[in-house]
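First, the structure itself, so that you have it in front of you.
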Amino acid sequence: MNNPLAVKLGSIQLKNPIMPASGCFGFGQEFAQLYDLKQLGAVVVKAVTLRPIWGNPTPRVAETPGGMLNAIGLQNPGLDVVCREKLPWLAEQDVPIIVNIAGETVADYVAVAETVSRQTGVIALELNISCPNVQKGGMAFGTSPETAAELTRAVKAVSSVPVFVKLSPNVTDIVEIAQAVEAAGADGLSLINTLLGLAIDLRKRRPILANVTGGLSGPAIKPVALRMIHQVYRAVALPIIGMGGISSAEDVLEFMLAGASAVAVGTANFVDPLIMPRIINQLPGLLAELGVNSISELIGALEV
Amino acid sequence: MNNPLAVKLGSIQLKNPIMPASGCFGFGQEFAQLYDLKQLGAVVVKAVTLRPIWGNPTPRVAETPGGMLNAIGLQNPGLDVVCREKLPWLAEQDVPIIVNIAGETVADYVAVAETVSRQTGVIALELNISCPNVQKGGMAFGTSPETAAELTRAVKAVSSVPVFVKLSPNVTDIVEIAQAVEAAGADGLSLINTLLGLAIDLRKRRPILANVTGGLSGPAIKPVALRMIHQVYRAVALPIIGMGGISSAEDVLEFMLAGASAVAVGTANFVDPLIMPRIINQLPGLLAELGVNSISELIGALEV
Amino acid sequence: MNKYLGTILNSARLTSNVFKLVVSVPELTENVTPGQFCQIRIATELSHDPLLRRPISVADYDPTRQKLTFIIRESGRGTKFLARLVPGQQIDLFGPLGTGFPVHRLVKGDRALLIAGGIGAPPLYYLARQLHANGVECATILGFRSHSESFLIDEFSQFGPVRVVTDDGTLGSCGNVCTEITAWTSEGLDWTHGFACGPLPMLQALQAQLAGDGRPVWVSLEKRMACGLGACAACTCRPANPNSTASGPRLVCKDGPVFLLGEVELGE
Amino acid sequence: MNKYLGTILNSARLTSNVFKLVVSVPELTENVTPGQFCQIRIATELSHDPLLRRPISVADYDPTRQKLTFIIRESGRGTKFLARLVPGQQIDLFGPLGTGFPVHRLVKGDRALLIAGGIGAPPLYYLARQLHANGVECATILGFRSHSESFLIDEFSQFGPVRVVTDDGTLGSCGNVCTEITAWTSEGLDWTHGFACGPLPMLQALQAQLAGDGRPVWVSLEKRMACGLGACAACTCRPANPNSTASGPRLVCKDGPVFLLGEVELGE
């Protein structure tokens, strides 16, 4: 019998379209205490940089209506530790790995991409050109089509696995950026990263986040994510990993209708740490209820 | 005794900083059944265009997590009816009027501005260059600094009252647009208009809105609004009317800390139709609790 | 119209997904016309989600004891919230809103035909009670998907003859309200004024069936709303004859929800 | 650690803004260490706001009857929600989380000093009960702003001597926990292990006062959290000595909330 949840992300075959969003799942070890990671379509790990990063001062998170801000600042143990400890452990869990990579310069990205793409279990890279919480690099790469394309080209040249470029929603025209990275050879797109936001502590007259601003995620941004995925899906041919506020099996299918071939669940893991296996278990029943044989039929099937 | 709620919007003196956001209050007649409009700092009316507009097909609104989408499409009875019926009625309520104006071409805007700015009771125009729900004009004017500046200049040339330019948040760099309209002679800024979003009816596989996409408003967008106001406040000298998700007296003060000299309450009027008088009544107590003598001390007082 | 705090007196299931809420609203002294509705707040003041109020028709009103009744079908998040309310809890109501049925256009001796599809029945119940009290004869057709989804049948029977029709024939005759109008008419049903509430396809079919009939039929429409008050233009509908005078857009929340069948275009 | 459904057994006010929730969690069979906490979900599954869970320390645990106690101060939206819960309602708990107090590092004859500031008292109560059961002597200093804000005094008294200190002198001595440590020490207080929980300024003052003391003092820290599990890096703190081995960032939710005083930088 065919697996109704199987999807293809370009050349990549996944047993289901559900994966964690980068930064919301660490390197998987903590959630593995709660359930078997093998159930997931893939695991997207926290952004990896060349050297270890401490990240921003705390507070790093703030709750907002229907969402949250974060300004983690890419805290991670750096390429060496990731390749020596984190990825080997994850590879043993028998789940496909997608590594989110970040850097301050093109050379940083290239160095990380070259090494990390060759680690066991890594099936794709996710190029984070959209982190709003670092001074250098990050979102700066993601708001200009030219720099986004240049970076994509450089990483593609060294990566041994497909490269997904993760776009920033903080732009006037996301389609323009998507087309630029498509032309530069990207194998797929991830969207969206967080919207830049500010939360204020009225009594202290200060921003809640030590970093002043942070990235807005969670259900609040879902309509913006769906709109951008829909726009991009119609304009480029690349497979899309969709994300932004997903918190139910219904949300997953809405993202696929808008054009996502797979989805990432981020903030919702904090609300319900068991959400991903729950969604995976609910999807077959929901598809049956909707009269859909294979989830991949829904990709881009929105009628407008 | 001094009025602790008094604020100045450039040359305009308001008895308090609370006004409805354009499009969420019609021309005031409906809410006047619930309370005396004289209590408000000002009334901002629905966008007025040269000719009557029917607007988009329905459904025109969709609920989203912590927010809503609208695609009204600038439905309004047109300049003649507004000047003949709506504004005279409002002027009789003894509340300052700010008229939001929209159009498809620069000439449209100019024609509306010229006439409407001379109506009794009108203290300012709000130039809507950020409506995401119309095919022509609207947001197109608000996403390029050049066209925004050109339109501002043209309207300033004919308006007999101060002109506030209402900016779109759907841009990479809102500061750049703000600076362009400042240079073009704007007297103030209103921000933010709605974020472009999409909501999907999973069972019908169709967008919920007949117009496909719509503008996201409500608490969900509050962090984005605060961030943009903060950025713009630091970069331009113009007074700002802040809006985007305000639904409490605390929210009002947060917007003022970020840099707003006055605020507009939009979507929250639908959640609680009595919200504006309630906020106005609560503000003096809240200020006292915070040890603030005059609300205008808070404008831009965020410590970063 | 005003914002009121109500206290749940009773919550009861009528079918597996339809429930009745009886709410005490001590401060309500306004008149409530059948066909008017309330915008019910879903979340408490500590939560922003679900954000918007839900429009729900008044299914009954007892002005001496200030008791409002709503009959609600659990469909999405908001109505699921309402279904969980228990006696003693408070809800925030904004209403009564809109223009209801023209109860007083009918006088003793007039003969009303009430046509309800599914969850369209509640507002017609309050209407029937008032018409009956005014000496108007009421005949009612209630359409449901099946026996298990039927409700309010005995209640309508207090006011006159009731015919039930179901899609699957598990109760009453098999068919829909249109086939039942035809059947009952051939058996001698006679009416002077019609009133209908139900799903859009039912109203469209009714409009086709009764086109040119001449007798006035009022229908209660649904439209996605934001303000419920006439201020936001979310709930616009077009007059059926755009060349008529007074041809501007009509608002379901203010000019409606009750319109004369044929007065406005029927659409989502 | 797991996600559990609990049922409120009891909700009671301890002061005007501190309340106690007793929750039955039949499926909880794990060990719960004093100092561990739960992430409590605020909104129901039908609502996205307030979105995040709230970290609340376990104030007591009865493993035979699977009853968890939380003592909570109403401050913002989330704790206001929790304050409205009534017996019979269900809550969604994720826990027990984090690394608690090293109860078993102390043995019969050791003398514990417990230092609590305001809402810092609850986790120390559960700790005191376990230490006492293990034969450890417990001396407790409870600091409050004033008499009206005091709570748990009798409860701590079951386990040993208690000194109360208030900012305004309305109960016990006038001062803060630091002045009380000094006073009590001069009156002969003798302890081998310290445990503290309270507001950041109190912990900072304690650190200054006890610098170089030599006796181990464990403190329970607070930090804004998202996952509560160690996966998101929201709750990082820096080791106080960045040149020490094992010098990577520490996580309050996983490596803490209990740290040895002096082990990590104290900050918001």
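Read from first to last, the chains carry the letters A, B, C and D; within each, the first residue is number 1.
Note that a residue touches a chain if its C-beta (ideal position, glycine included) is under 8 Å from a C-beta of that chain, and two chains touch if they have at least 3 such contacts.
If you're wondering where the values come from, they're calculated on a predicted model, not measured in any experiment.
Looking at A-C alongside B-C, one finds more C-beta pairs in contact between the chains of B-C. Put simply, the C-alpha centre of chain A and that of chain C have 46 angstrom between them. Here the CA centre of chain A is 36 Å from the CA centre of chain D.
Each chain gets a centre from the mean of its Cα atoms; for chain C and chain D, those two points are 54 Å apart.
Of all residues in chain D, those that touch two or more other chains are 48-50. The set of chain B residues that touch two or more partner chains comprises 64-67, 218-220. Taken as a graph of touching chains, this assembly is complete, with every chain in contact with every other.
Interface residues of chain C, counted against chain D in their complex, comprise 43, 46-50, 77, 80-81.
Considering their complex, residues 1-3, 41, 48-53, 94, 223-238, 248-249, 254, 267-268 of chain D touch chain A. By the touch rule above, chain A contacts chain C in their complex via residues 65-66, 219. Listed in rising order, the residues of chain A touching chain B in the complex are 64-67, 69, 143, 170-173, 195-200, 202-207, 212-213, 216, 218-224, 226-227, 230, 245, 250, 253-254, 257-258, 290, 298, 301-304.
Put simply, chain D touches chain B in their complex at residues 48-49.
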